[in-house]
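Shared between the two complexes below is chain A, which has chain B as its partner in the first and chain C in the second.
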Partner chain A sequence: MNIEALIASTFDGLMLGFVFGLMAMGLTLIFGVMKVINLGHGPLIAIGMFAVLVMSQSLGINPYLTLPVIIVIGLLTGIVMYFVALHRVINSPELTTLLATFSVNMMITGLMTVIFSTSPRGLDVTLGSLQFGRVTILGTRVAAVVIAVVVTIALYFFLYRTRQGKSIRAVANNRGAAELMGINSSWVLGLSFGIGAMLAMISGMLLATMFSFTVLTGNALETKSFVIVVLGGLGNPTGALFGGIIIGLLESITTIFIPVSWVPVLEFVVFIMILLVRPNGIFGARSS
Partner chain B sequence: MKTLKNISFWLLLVVIAGVAVVPIVQGNVSMREDAFFILMLVILASSTNIIMGYTGYVSFGHIVYFGTGGYVAFYLMQTFQWHFVLAALVGGVAASLLAFLLGNAVLRLRGAYFALSTIGINEAVRAFVSNFEPLGGSIGMFFNFSMYDAYGGAKNAGQLAYYAMVVLALMTIAASFLIKKSKFGLGLMSIREDQDASMVLGINPSRMKVITYTISAFFPAIAGAIFFFKNGLIEPGPAFELHRSVEALVMVMLGGFGTVTGPIVGAVVYERLRGFLITNETFSNFHLVIAGAMLLLIVLFVPAGLVGWLRLRFAAVRRFLE
Partner chain C sequence: MSRKIFTLCSLLTVLAIALAACATPTTEAPKPTAVPPTSAPAATAAPAVPATAAPKPPKPLVLGFTASQTGAQQVASKKQIEGLQLWLDDVKKAGGIKLKDGTIYMPEMKFYDDESKTDRVQALYTKLINDDKADFLFSPYSSGLAKAAAVVSEQNGKVMITAGAADDATMEQGFKNTFQLYTPASRYLTGAVDALQKFVPTAKKVAIVYEKDSFSTSVAAAAQPYAKSKGLEVVIYEGYDTGTTDFAPFINKIVAANPDAIIGGGHFADGTTFSKQLFEKKVPVKFVSILVAPPEPTFKDIGDAAVGIIGPSQWEPQVTYSADAAKAANMPYYGPSNKAFVDTYTAKYSSAPSYHSAGGYAQGLIFQKAIEDADSIDPAKIVAALDKMNLMTFYGVVKFSTDAKTHGKQEAHSMVYMQWQKDASGKLVTQIVWPLAAKSADAVLR
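After this line comes the complex of A and B, so read on.
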């Protein structure tokens, strides 16, 4: 076995893992706050991808400079999505919220298919590369990791140091009690959904700088996000980051030993095993 | 079996059979094709409803049994030249067995965790089949055209598949009705309303859920066997298409969650509507958007579905519309 190939794919997987972690964090944050699994997560990732595509190709903006715009679009889309599709049924059983978010998935996917068709797209970004012996690290990946880490730190700062962030954690902890303390829970839920959507879109933007994509890529990434959040424990953002890194490493390292097409089999078997053995994730407390 | 003396039970079956016979009597092949597809959707929706509507366990990846049944039957027919009916039955039993084994494990999970695990199972099986060379890998398998000679040519095979689908649809609806009206079904609905309370009342939820899950896997599996027999070609993509699974959920919600006639009404309305939207010039591009918007409106404003809403509004309807 080639030790350099191993090092190269470890680096690759690690870097990809941070972006995957960011992607899954959006899903897990929403679940943690309102116990809703957002089946519209995939199309939100896709919106991020196409937003950066449109801005960089039609308006000629550097892909990385679109980040503020994407943050705003993400927050707004999420808040609107919450109040249109979820607010009315937020206390209903899972089936209702699953279907409500799935209906949004259908609408966004349908609309984007009409606008962009399903042909593959790609961004033309090159940031050079770093050479360490025979290990090459692409600049785009480094930039993606830096952005993912900065966004994650900002998220934690927001959740733990600001009033709004603290009220999100309070609502996640106990919505009734939070309301008694004068927190407007509807707004907090809307805001959390907005942040979840924003994280999905930022990850979409970062992934767009690395791979080619179609309108439907988002839905494939959505199932990957499920695997990651379950690995890290549903509702646990730090877990999602670690879950993302594990999946990133798994994807790149296992390809040395087995054909690429077998990787999803492995991923989903791990996913089901984790659900059965440790439904709170590998870092979570053992369930009773 | 008190249900067997219930008039609405027989009436429902007679109506379905009566409608299904029309294309045969008229000799209208395109109408028969439409009816074939709608009956398949009725089977998928009804069997999803058996597990989801009665026990409240949302099986998002129920299509995995459709694909499993299809693959097992196809393999037996193609490799060992088994007769279609026998192969379909074995496919159904194989899927039920798979559901029994998986159900014992995943039905311990509740709510969202169960829903996620069913998605995971479907994706895992699809990814596995796509890589598994004996089943044709990602290319899938196909019949030699001469395979249909045993059934009197492709034309007669199509006819045979249609009859099989009609019989299966009647069986699915009958099973759905019988379960709902039995003491067993009452137990399931108590699990749906409050699993812990039902345990206190002496119900064994894990056993009942596994049995129900096993039954609900049988019908879609045979539907898959029939569908791919007629198709002559099976590929992992169409066999384990998560989207179709979710469409079945939409049909159940549209017609009425936990009712017998709801999934039937839902399947027919959904399919007709989609057919209209796709063929209509103005809407054809937007059919997914409109279907999504429709689903959202139902979920938000008519959560009981069409049949459920009728039953809530008009007490007289409840006596004959299950």
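After this line comes the complex of A and C, so read on.
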């Protein structure tokens, strides 16, 4: 075993894990608040990728400066998506909301395929790198970690320190009781969906600065998000962050020891094991 | 209320499906546009129609194929189709393909977007044969898609010329009507091993990394024993999944093995990403040769990461195939000169042709020559003409195997190796660096 390769891969995995965590936080937040499994999560990630692509290539804006615009687009898209596709079926069985978000997935994917085709795209972003012996830390990954951490802290500040955030937590805990306290649950649910979509788009934007992507990349990442969410505990944003880091490290470190094409297999073995042994996730509450 | 919601959801689903369908329209070949005069092979190669005979109206000849207008193979496929379209322009300019009895055939293209997907290729080639009544077939781009198309064409007894398909295994199934234009995959990177030993005589260790698809696996499987036979130690021999975007952990693994060279790769998307990440991670190897991506002009979009990357190429604009070269080799030359092809292509598409473009043109050119040699469009006679063919074009020498097991496999065409370098003004340019006899510049080590 080469210790330098291990160190380099640990850094790579750790940094990528923060972005994976952010990506999965959007999915788990929506589930935690309204018990909806958002199958439109992948296309939302893809919208983030293509939003930064369009703004940087067509308008010449630095990809990192598009973040405020993507935050606004994400929030609005999520809120609109909630009131158009989910609001009327929010109290229906979970299968109904699942199908509703699946329809949204198909619509967005179809529309984006018409506009962008499924050809590979990429951003030419270079932020230099730091070299320690044979360990190279890329600037784009450092920037992604910084943004992911700042967004996570901001989210926690919002949820625990603001009135709107406390309303979201109240609705997540007991929607009926929250409504009795005068909280407009429809608006809170819409806002929660908006925040979930925003997190997905920010992660898409950050991933676009690191890798090439297509319209369909989001759907592959959606699957990865499910693994992370189950690992971290459904409905638990902190768990999603740590789940993301675990998956990032797992992908990177295991590549050193096993053929790279076996890594996805290992990921899903972990997924099945968690479902069997600890269905509430590593960071979820134990079942009574 | 719930019924309304379900109705709404159903409508949205139908709309989504309709939109998705819009993304992959059945695409008619674009109308040919006027191209500046070039050497028109049909005009020069076909005999003149007797002056007394009344000119016969051209008969249509439907050429069917699929193009990857979307999906992973889009970039290379687009170039291949552009080359094919240019050939069609030249044939139309020359008045069609003429037989000795004065019959004129005017080729017309019928193609669909296969979305770079095998299952669509099989369905669409069936449609081309049964519904569109295609007379002859050309292959889609990439070995995997061409393999799927070949199965359908062979089952239906249709003659198909493949371009963009170098997989050996496909052509070792005893096919009767499929003919391969590209140098087979087994010979793609063997030259890179020779070049490595010439350019870096101290090289002892090589990493072979490849996309786990039919073509790239064939290339790697042939390169590994060849490298070993040349005394090199293969320190990594490993595939990665199609669609891989994050090579960072894989690159860490490669660096840990401390190779002197990296050879392998796959197709355009992964090749460009891999090259870019090798550059970003400052991987200390002097020689990198990867498949498919480097010969594409858009490879230079990755900037300095492209410098020093070597790519095996079926053809490059600087190649020296010519009528004189053919004469020296005691074989016939057919079609436009290399310069005429490059100039006409550049004028029409405002970009330099890649080897995929040349392959597309040559696909049509070889088919045209086969019809002229057969003096018929009877499939059996065309197969016989292709079996006898041994000639040089601007694309190189073409000769097909007549052995029962490997029938149609390319035997004579050979690769050149190009490298991205910076010219005196700092602009990225390609140069042929191997074989030395054909080099346009010395190789630059990374």
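FYI, the second predicted complex is superposed on the first by the 287 of 288 C-alpha atoms of A that agree within 3 Å, B and C clash if a C-alpha of one lies under 4 Å from a C-alpha of the other, contacts with A are read in each partner's own complex, and residues count from 1 in each chain.
The rule is simple: contacts are C-beta pairs under 8 Å (C-beta built on N, C-alpha and C of every residue); 3 or more make two chains touch, one makes a residue touch a chain.
This one's a predicted model, so the numbers in the text were calculated from it and none came from an experiment.
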- Of the two partner chains, chain B (first) and chain C (second), which one does A:18 touch, if any: first, second, both, or neither? neither
| First (chain B), second (chain C), both or neither: which does A:259 touch? | both
If we overlay the two complexes on their shared chain A, which of chain B and chain C does A:50 touch? Say first, second, both or neither. neither
Message = Tell me the contact category for A:227 with respect to chain B and chain C: first, second, both or neither.
response = first
Partner chain in contact with A:242 - chain B first, chain C second, else both or neither:
neither
Q: Please work out whether A:89 is in contact with chain B alone, chain C alone, both, or neither, and reply first, second, both or neither.
A: both
| task | Mind working out whether A:193 is in touch with chain B, chain C, both or neither, as first, second, both or neither? | result | neither
(request) Would you check which partner chain A:269 touches, where first means chain B only, second means chain C only, and both and neither mean what they say? (result) first
Tell me the contact category for A:64 with respect to chain B and chain C: first, second, both or neither.
neither
Both chain B and chain C touch chain A at residues 85, 88-89, 92, 96, 99-100, 103-104, 106-107, 109-111, 113-114, 259, 261, 264
Touching chain A in the complex, chain B uses residues 52, 56, 58, 60, 105-106, 108-109, 111-113, 115-117, 119-121, 123-124, 127-128, 130-131, 138, 246, 249-250, 253, 257, 285-293, 295-296, 299-300, 303
Listed in rising order, the residues of chain C that touch chain A in the complex are 1-2, 5, 9, 12-13, 15-20, 22-23, 69-72, 74-75, 115-116, 212, 238-241, 243-246, 248-250, 252-253, 255-257, 268-269, 272-273, 280-282, 284, 301-303
Listed in rising order, chain A residues that touch chain C in their complex are 2, 4-5, 8-9, 12-13, 16, 85, 88-89, 92, 96, 99-100, 103-104, 106-107, 109-111, 113-114, 117-120, 122, 124, 126, 129, 131, 134, 136, 138, 210-213, 217, 220, 251-253, 255-256, 259-261, 264
The chain A residues in contact with chain B across the complex are 31, 35, 37, 84-85, 88-89, 92-96, 98-100, 102-107, 109-111, 113-114, 223, 226-227, 230, 234, 259, 261-262, 264-265, 267-269, 271-272, 275-276, 279
